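Each in structure tokens, the structures are laid out below.
Below are two complexes that have chain A in common, paired first with chain B and then with chain C.
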Partner chain A sequence: MQFSIQREVLLKPLQQVVGVVERRQTLPVLANLLVRIADGKLTFTGTDLEVEMVATTAAEQLADGEITIPARKLFDIVRALPDGVRIDLKLNGDRVALHAGRSRFTLATLPASEFPTIDEIELVERVSLPEEVLRDLMERTAFAMANQDVRYYLNGMLLDLQEHTLRCVATDGHRLALKETQLESSVAARRQIIIPRKGVNELIGLFETGDGQIELEFGRNHLRVRRGDVVFTSKLIDGRFPDYEAVIPLGADKQATLDREVLRGALQRAAILSNEKYRGVKLELSPGRLKIVAHNPEQEEAVEEVEADTGVSDLAVGFNVGYLLDALAALRGEKARLNLRDAQSSCLVQEDDNDQARHVIMPLRL
Partner chain B sequence: MDAFYASVEQRDDPSLRGRPVVVAWRGARSVVCAASYEARVFGVRSAMPASRAERLCPQAIFVPPDFTRYKAVSRQVREIFARHTDLIEPLSLDEAYLDVTTTLSKLPSATATAEAIRQAIREETRLTASAGVAPNKFLAKIASDWNKPNGLFVIRPQQVEAFLAPLAVNRLPGVGRVMEAKLAALDIRTVGDLRVRPLSELEQRFGRWGRRLHELSAGIDEHVVQPDRPTLQVSAEDTFEHDLTLDELEPHIRRLAEKTWAAHQRESEGEHGRVARTVVLKLKTSDFHTLTRSLTPALRPSSARQLADIACALRERVDRPVDVRYRLVGVGLAGFVDRDSYFAQSDLFD
Partner chain C sequence: MIPQLPLALRWPRRQRFEHFHAGANAAALAAVQALATAPDAPWVYLHGPAGSGRSHLLMAACQAASAAGRRVQYLPLAAVADRAAAIRGVAGSELLALDDLGAIAGQADAEHALFDLYNRARAEGSELLFAAEAAPAQLGLGLPDLRSRLGACTQFALKPLDDAERREVLKAQAASRGIELDDGVLDWLFARYARDLGALLDLLDRLDQASLAAQRRITIPFLRGFLREAGESAP
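What follows is the complex of A and B.
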């Protein structure tokens, strides 16, 4: 097995796969990348048994073969080599020799046969959508995922596929983020899968700007994402996501429409004097106006008043200001709408003219 | 308080008066909780193994501790303190720092306040107490030991240096056997020896601790008396008659979890109640290595049972060989937060 390649051309696929490799592994071979040359293509595979990433690139002077090489070391060497240098890599016995300019490295290997790969995923549904759209869906909801929650099914993102609609939903049990898009084609049966947190973050790191297309393959226990140069596969979280539609308030009849950036600015300033741990702010609605009040244990106080298009009077609700700011940052458009009911009920935050993005936030009892 | 637990026992049982009394549980691994002054003559000290105390003083009368009575006396004594100041920092059941810079009783001096307190304790509890009066906490602590039992010792600001100079360095708080040896290697044996060393030398050798040593040697201690120091941890622990394997600890962990949970419930009650989020498992191996493992779950434990389950599960994080045996296990709760704030965030999926 051997190939010759320019440093920058090699660096990109290495960057794409190395993030998957954990720093501490259960099996020695999981510290390595599978390097394979076949059919005139060079592919790199990294895995942690949950998430697998395969990146393909073109190289020269190819000689077919496959081997596994320490991932971190290979990546660190290639990254540290000078720009534009040509890299020659060749397997000699059970060692890999890497030459670049006047640098020479010999790396240990493990046989490719020891490397676990995910081959078949028992495909049940396939959809295609622009990369930009999927990126938007995931980036604008991922922040609400739980982290190391005992409710393990919250430590990930729900992909909910129904008729013409694909929804991404994430929640940590206190707030929920949802964003949806319309697909070109419709699916026969509803599919709900949960991608683990790590898979979501790796996938988001992979997205590029441009007008490329992405294939999503829903398997029985896996999700596979294909883009020209990479194939990402993640195991799914085997659990039932809570009935999220039931917690999106329908009876939240008290509305206020505000300038999104003005509201964000006011909340950011009020947040400075909120309790550092619980970050509570009180929202008080009165006709034409939203008042934001924050207190901290030192009895300091912040009061902000924002012009609001509302007829609601005498409503006061407490929220974690961080959740409100996250939601507003994930929205687009000039106007944001708050839908409230009372001090015990959740708040729905969305763009004023559409409900493609919805954020549900539970109150704080202040 | 002087020989506190032993003195309470002697007060309540006239037959014990004038005789060597050792307060300790029965058992191979029990340690001395307190020794009367009659027992101390034979070399018996608190915290020494009870078996050793028995060898030193075979005629001693061993009495099991009764913390209910000790706590009642402790409350009585604190009430006496409270007549003079609100700034009370309890150290244990029978020791406290009091800031008497200004007092409620308006007595003319700190010395007069100390005498008034000692007299009230004597009259109301029929027990004796010793007091130290000094410009700061660390000197007051040394002074309180100076004329024990039933004594008072005053260090006035202008006497501080002369008082400290001849003292052995191990009288300074934080100087134990290891530090004492390190200082001896530098020819520093008394506080006076330490005092003449330049700050730069001490800082170079001991870092931030060097600065603290330098300050202590000059009688400087900026720590203020802290009333109502919040609880950092509640815990219960137990030493076994015979060392146990990790697997055999479970019933003990469950029993201790009940005690810890009861203490936690007391802390969480009341208007400003606080709740703990972190579970701590403490173990001591048969060769006296102490290890702790802790976990802060997303949802705090809300029953003795859950606490016990988590503490038992923490055993999996002990990476010692399976044949290691343990002489002690403890279950604790730490990471206290304000109860009302903890419950303030409502949940989407209830």
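What follows is the complex of A and C.
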């Protein structure tokens, strides 16, 4: 097994797969990348048994074969080599020799046969959509995923596929983020899968700007995402996601429409004097105006007033300011709309002219 | 008190036959299953204390019969305001499950309505399933004919699950929501909060919400604080 490649061409696939490799492993071979040359292509595979990433690139002077090489060391070496240098890598016995300019490295290997790969997933549905759209869906909901909640199914993202609609949904039990898109084709049966947190983060790291297409393959126990140069596979969380549609408020008829950036600025300033633990701010609506008040245990106070298109009066609701800021940052457009009912009911935050992105936030008791 | 309110993320309580923990009530379960799915099975009258599984079996029967393509109706009499009207309004079901029969005891109008319904169902070939706290003779019914009609059903006295069985059910229900209730927590709970299964499952609902709000696991200190705040136990 051998190949010759320019440093920058090698760095990209290594960056794509190295994030999957955990710093501490249960099996020694999981610290390695599988390097395979076959059919004129060079592929790198990283796995932690939950998430697998396969990146493909072109190289020269190829000799077929496969071996596993320490992932982090290979990546660190290639990253530290000077720009534009040509790298030659060759397997000699059970060692890999890497030559680049006047640098020479010898790396230990483990046999490719010890490396666990996910080959076939039991495919149940396949959809295709622009990479930009999927990226938007995931980036604008991932922040609401739970982190190490005992409810394992909340530590991930729901992909809900129904007819022409694909939705991404995440919730930590205090707030919920939803973003949907319309697909070109429709699916026959509804599919709901939960991708674990790590898989979501790796996938988001992979996205690039451009107008490429992405294939999503829903398997019985896996999600596989294909792009020209990479194949990402994640195990799914085996659990039921709660009935999220039931927590999206329908009776929130007290509305206020505000300039999104003006509101964000006011909340960011008020947040400075909010209580560190619960980060509470009080929103008070009156006709034409939203007042934001924050207090901390030192009795300091912040008051902000924002112009609002609303006829609501005498409504005061407390919220964790971080949840409001997250939701506003995930929206686009000039205007944001708050839909409220009372101080005990959830608030729906969305764009003024569409409901493709919806954020549900539960109040704080004042 | 945690100021953050949680989202009302809920799971419908699962009340199908496969979720019924039979314990000492295997014969009752078999009879209700037969009534739900096989035409002409004998009518069943279930009685037992709160938490013994009456409502669960009735709802499971309706679900199974409905899945088999039969028209079903579940009527919880305790939750209905005008019981006589509700009973007279029943029509067109092939299986009718009447829960909390004790709620009409002594209400002559409702008792007559039920007596008529019983005779009508016999004539039309639809099937009835009853549940109450006590056997027909002990229910306090004023209408002797109704008492004897109900007495003609196959009767089962449901026995509540014992501590070990209730622990298992609670643990399984918690696990299905992704919550761990370890043996230490269950020991503590059962030593201080001796309640029927329905009340324990209600408690689980409320604990689930409280732990979601606090983003904390359910431990003994968490449970103690929760019960103290709810005013239900103060050790």
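Some points to look at:
Keep this in mind: the second predicted complex is superposed on the first by the 366 of 366 C-alpha atoms of A that agree within 3 Å, B and C clash if a C-alpha of one lies under 4 Å from a C-alpha of the other, contacts with A are read in each partner's own complex, and residues count from 1 in each chain.
Operating definition for what follows: a contact is a pair of C-beta atoms (placed from the backbone, for glycine too) under 8 Å apart; a residue touches a chain by one contact, two chains touch by 3 or more.
Since the structure is predicted, the reported quantities are computational estimates derived from the model, not experimental observations.
After superposition on chain A, the partners chain B and chain C are seen to clash.
In the superposed model, A:Gly280 lies in contact with both chain B and chain C. In the superposed pair of complexes, A:Thr171 makes contact with chain B and with chain C alike.
Of the two partner chains placed by superposition, chain B and chain C are both touched by A:Val247.
Once the two complexes are overlaid on the shared chain, A:Gly239 sits against chain C while remaining clear of chain B.
In the superposition on chain A, A:Met362 contacts both chain B and chain C. Taking chain A as the reference chain, the count of touched residues is higher for C when chain B and chain C are set side by side. When the two complexes are overlaid on their common chain A, residue A:Asp149 makes contact with chain B and with chain C alike.
According to the touch criterion, the shared surface of chain A, contacted by chain B in one complex and chain C in the other, consists of residues 146, 149-150, 171, 173-176, 242, 247, 278, 280, 318, 320, 344, 346, 360, 362-366.
Across the complex, chain C meets chain A through its residues 1, 3-11, 177-180, 211-213, 215, 217-218. Residues of chain A touching chain B in their complex: 146, 148-150, 171, 173-176, 242, 247, 275, 277-278, 280, 318, 320, 344, 346, 360, 362-366.
Residues 146, 149-154, 171-176, 239-240, 242-244, 246-247, 278, 280, 318, 320, 344, 346, 360, 362-366 of chain A are the ones that touch chain C when the two sit in their complex.
Taken in their complex, chain B has these residues touching chain A: 297-299, 337, 341, 343-349.
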